[in-house]
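By written order: A, B, C and D. Residues from 1 in each chain.
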């Protein structure tokens, strides 16, 4: 057993797990954060995407121990008590998700993209989502939603406090 | 996944010490980004599974990109994303950036490392051809110290490298004489996103500006032999020859003879041979484009 | 060299399935404030049934979509439904839900009629009000009537109904009969680039014009069409389960079973044609399955337009297109091949 | 090891693994946004035609939708199914004893433990767990319930099955031949057949200016819902079982579960919550009866989630079709007669083949007015993954055939592809292949609307991309 402490969505969480436990299992089974999904368990589908230290990763391909001491952001940490994240709002408004199973992973990939590139081209967005398979939507309304958020952010003055 | 023990390395030397400690008594694997290893182990049978996994993901000394006396040195732990973002690599070797960009998807590239990609030694390894075409060397650290070898020799066969069980790949080095050498990487997969290569090809050569001839031409082929190979007859044909479309096409035809593609459920050997010819020609054209852009004032300004 | 081509394909598709009866049942309960709950045995599988069924019930009751809550997919609490299958939810379950709402509404009308001083059949609903036909100013809020139905009349407004599309069994000898209540129609046009050296096909753009009767929710219709097209692109170019000679699957994973990623999807332009089916709820038919029907045919016709080869077995992989190009060149007179 | 020490060891191991399973002490860190505006389109009347947003869509975006795999019930066990791995064989012996001895393994069952070991929407030809005969490599032959998924997976490797291999038949055309032995005796290889006959095709061909023939094939494809099949079964003390499942058809599912496990319907509750993609692939039961039986045997809730490989091996797929088309036309491209033969590869079990067969046959003429039609369709067994319902039920396959031939005919006759379709398109009041009078027919409108996007005109102008 290894003891892992991860800063999840801004709060330190600790669990003791077998060393072969993946970050995905740690989140789902120990921290009860079931937003990240198990779709293939080998990094093909992206349904388990979370952000570790600001980068999107497939949490099924990272050992829990490798996340020890790091910042992990999951879909559950995207909204605040006050409001939805602009991406969540845009996805809802445009009907970007259908069955929704790929949604948490897609949103985390989109967030990681916009954090790094606030003004992505359509090709940039498609490239950013290429690790997230979706069978319902053809990705079209997701791409539109991400474009919308990027444009809105571009038009808006930067927030005074981050 | 079968149960295993994980030991974490602080740095490269510590990793090698851990390997030395565990390899005599246990089946040991090294984990860096984990994108290949964990995917493999998820559906591995008991005989395949390791007892101990050495985690080198925090060995920060392996995460550097620098131009040294020997050339461009890339630490084994540098991720594909970091390669794509590196100003030095973008400037000198856009082909390496292109190759990194074709690996998996963003999530894979954020975790996956150059060293990890190379040690998988799958015949279709996307990092392989460009580096082989640039005569890259690899540095391996073992209990007795470092040794260095050409990447082309590091690859031994399908999923087999020259690494001994207690050794670690620590550095990839593009020699000084090849810094800025024009190169082009092309990959043909079954789709655009997250594709596995049916064939991947890299070409690189210097242009003798006076004579407009190929100098030190290199053509490396992936996924069409047990390991990444030099298309030696194509290289020999091009050396000193005038740069012309016909020569590039002929080099493509010759490269086919250097490869031994197999038929599998992804593609037939015949089709792969055809792709070798086309992609080799196009990669040579691409490398020449890179050179030409560098010559033009606009290209230099960029 | 890349060669561009366009291909067209149209199709028709029935709503519901043949062989057996195809019923749905529904229960609508109007709350004391005029909001409502729909009980349905169908299952939300991503297609948007919770939303469109709420819209249908809301329309029938003259309230907003938000006012209708849908409880679904529990055999203990929800009535029988043939299920989320065969593009039947909007049409069959939708008709059942509309009829159940109508029955609950009839109770409200009975209660409202004496209040408004007219007969029940002179009433209609509009924007949360029950009003007299032709005299919209004579109205009362639906919540007041719902509360009165419970508190004064002792008649909770609950309606239940079922719907089974009228069909006629097929003659076993000739296959003649009426297997489905209604059909939808669609056309898709694909534009592709074909690399005439490698056979690689890139789908650039697809225009899709679909009939779904009245679109209960145009946004969800577009989503269905876009998703169906992605499935069609995979069917056309990439996807195939491959077996070895012993019957074992060689690619049972998403690494080797190739389906479209975001980089493989073309631009999609969706049009919904004007159409109204008097037998559907508010003129609606359905849209789920038809969206993926014409795509592969349109793409293969576009490949033919681009490079003149006919792919007769799917998927049209790059290797297959290349092989067809090879065969075509071998047949062409030498001078033509040389000129190409 | 004597029995007593074995028990002690098992208990010690159990305590160890159960320690891993204790429910998380804290609630998940998932904020519920307190003030979120309801989108306007959801608040408007009239409601129909509004671009109303999905109430489930908001939960999806927050990661709060509970799919079946997100259910962790206290004390829950994990089940895994042993897959045959051989396409066609007789089962001689299944030995589960070594698996049962493993610490953490709570129960193992085989087909013999299933009270009624057959189901299927039209033919009841599919076993819950194969016990005598394997019909495709993805057949389940045994199931394990254990305290962790890992232990359950390891236990599968301890189960040994002895097979007597039988040569598999993989090609539908081979299966169609009468001399091929019955794959599914006593059922014949051809387990479904349908004919649509309208007018007189021979007469139509005789009147035709040209006759075109073409042969087309399509492949087997998977639905690939992003959410793998999953279910959880749990019993209460009154002998009622509740099954949370990814089923898209709970009514039929309950009937099948009730029948196979021999429990009255009133004591079976099926809850489907929200399904993470169906496309026809989740229309029938898979592991639900197995989980109900394992849960009953162990007295604990049992969950099973398919691995991605199992999605391919053990769920239904799209029917591959072999399609022969013969079409007679006038010089102007009007179709006078069409004769079609379809052979559907049904895979190992019938599933929704009858519906697929019917739809494919009826739709195979295309959205065109054809007075003389003969369409005949067969569905045959092969030793491959079973085919069943999938988005379109045979329609994408036949559309590929009829629309490919349409373009070939247009090209040969020198007619614009749009024009030949307009010439033949069904109209309001047209008679379908089954002589049904059609209403609200808009083929023509969809053709023109789509063509307009490309500036493609009715007279053939604007289609400048001809090679």
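Points worth noting:
By our rule, a contact is a pair of C-beta atoms (placed from the backbone, for glycine too) under 8 Å apart; a residue touches a chain by one contact, two chains touch by 3 or more.
Since this is a predicted model, take the numbers as computed values, not measurements.
If each chain is reduced to the average of its C-alpha atoms, the one that sits nearest the average of all protein C-alpha atoms is D. For this pair, chain B with chain D, the centres built from the Cα atoms lie 41 Å apart.
Chain B and chain C, compared by their mean Cα positions, are separated by 47 Å.
Averaged C-alpha coordinates give centres for chain A and chain B that are 29 Å from one another.
Chain D has its Cα centroid 18 Å from the Cα centroid of chain C.
The set of chain A residues that touch two or more partner chains comprises 18, 40-42, 44-45, 95, 98-101, 126-127, 130-136. Of all residues in chain D, those touching 2 or more other chains are 51, 53-54, 56, 224, 274-279, 308-309, listed in ascending order. Within chain B, the positions touching two or more other chains are listed as 1-3, 43, 105, 192-194.
The touch graph of these protein chains is complete, with an edge between every pair of chains.
Of all residues in chain B, those touching chain C in their complex are 105, 188, 190-194, 196, 265-268, 271, 274-275, 278. Taken together, the chain D residues at the contact with chain C in this complex read 38, 41-56, 85-88, 122, 136-138, 168, 170, 194-198, 214-222, 224, 247-252, 254, 268-280, 282-283, 308-309, 311-313, 317-318, 354-355, 358-359, 361-363, 366-367, 375, 383-385, 389, 391-393, 395-396, 399-400, 402-404, 407-408, 411, 417-418, 421, 425-426, 432-436, 438-443, 445-447, 449-451, 453-454, 456, 463, 465-467. Taken together, the chain A residues at the contact with chain B in this complex read 2, 18-20, 22, 41-44, 46, 49, 55-58, 60-63, 65-66, 109, 112-113, 126-128, 130-132.
Taken in their complex, chain D has these residues touching chain A: 20, 23-24, 26-36, 39, 51, 53-54, 56-67, 69-70, 72, 223-228, 274-279, 305, 307-308. For chain A in complex with chain D, the residues that touch the partner chain are 8-9, 11, 13, 17-18, 28-42, 44-45, 47, 74-84, 87-88, 91-93, 95-104, 107, 133-136.
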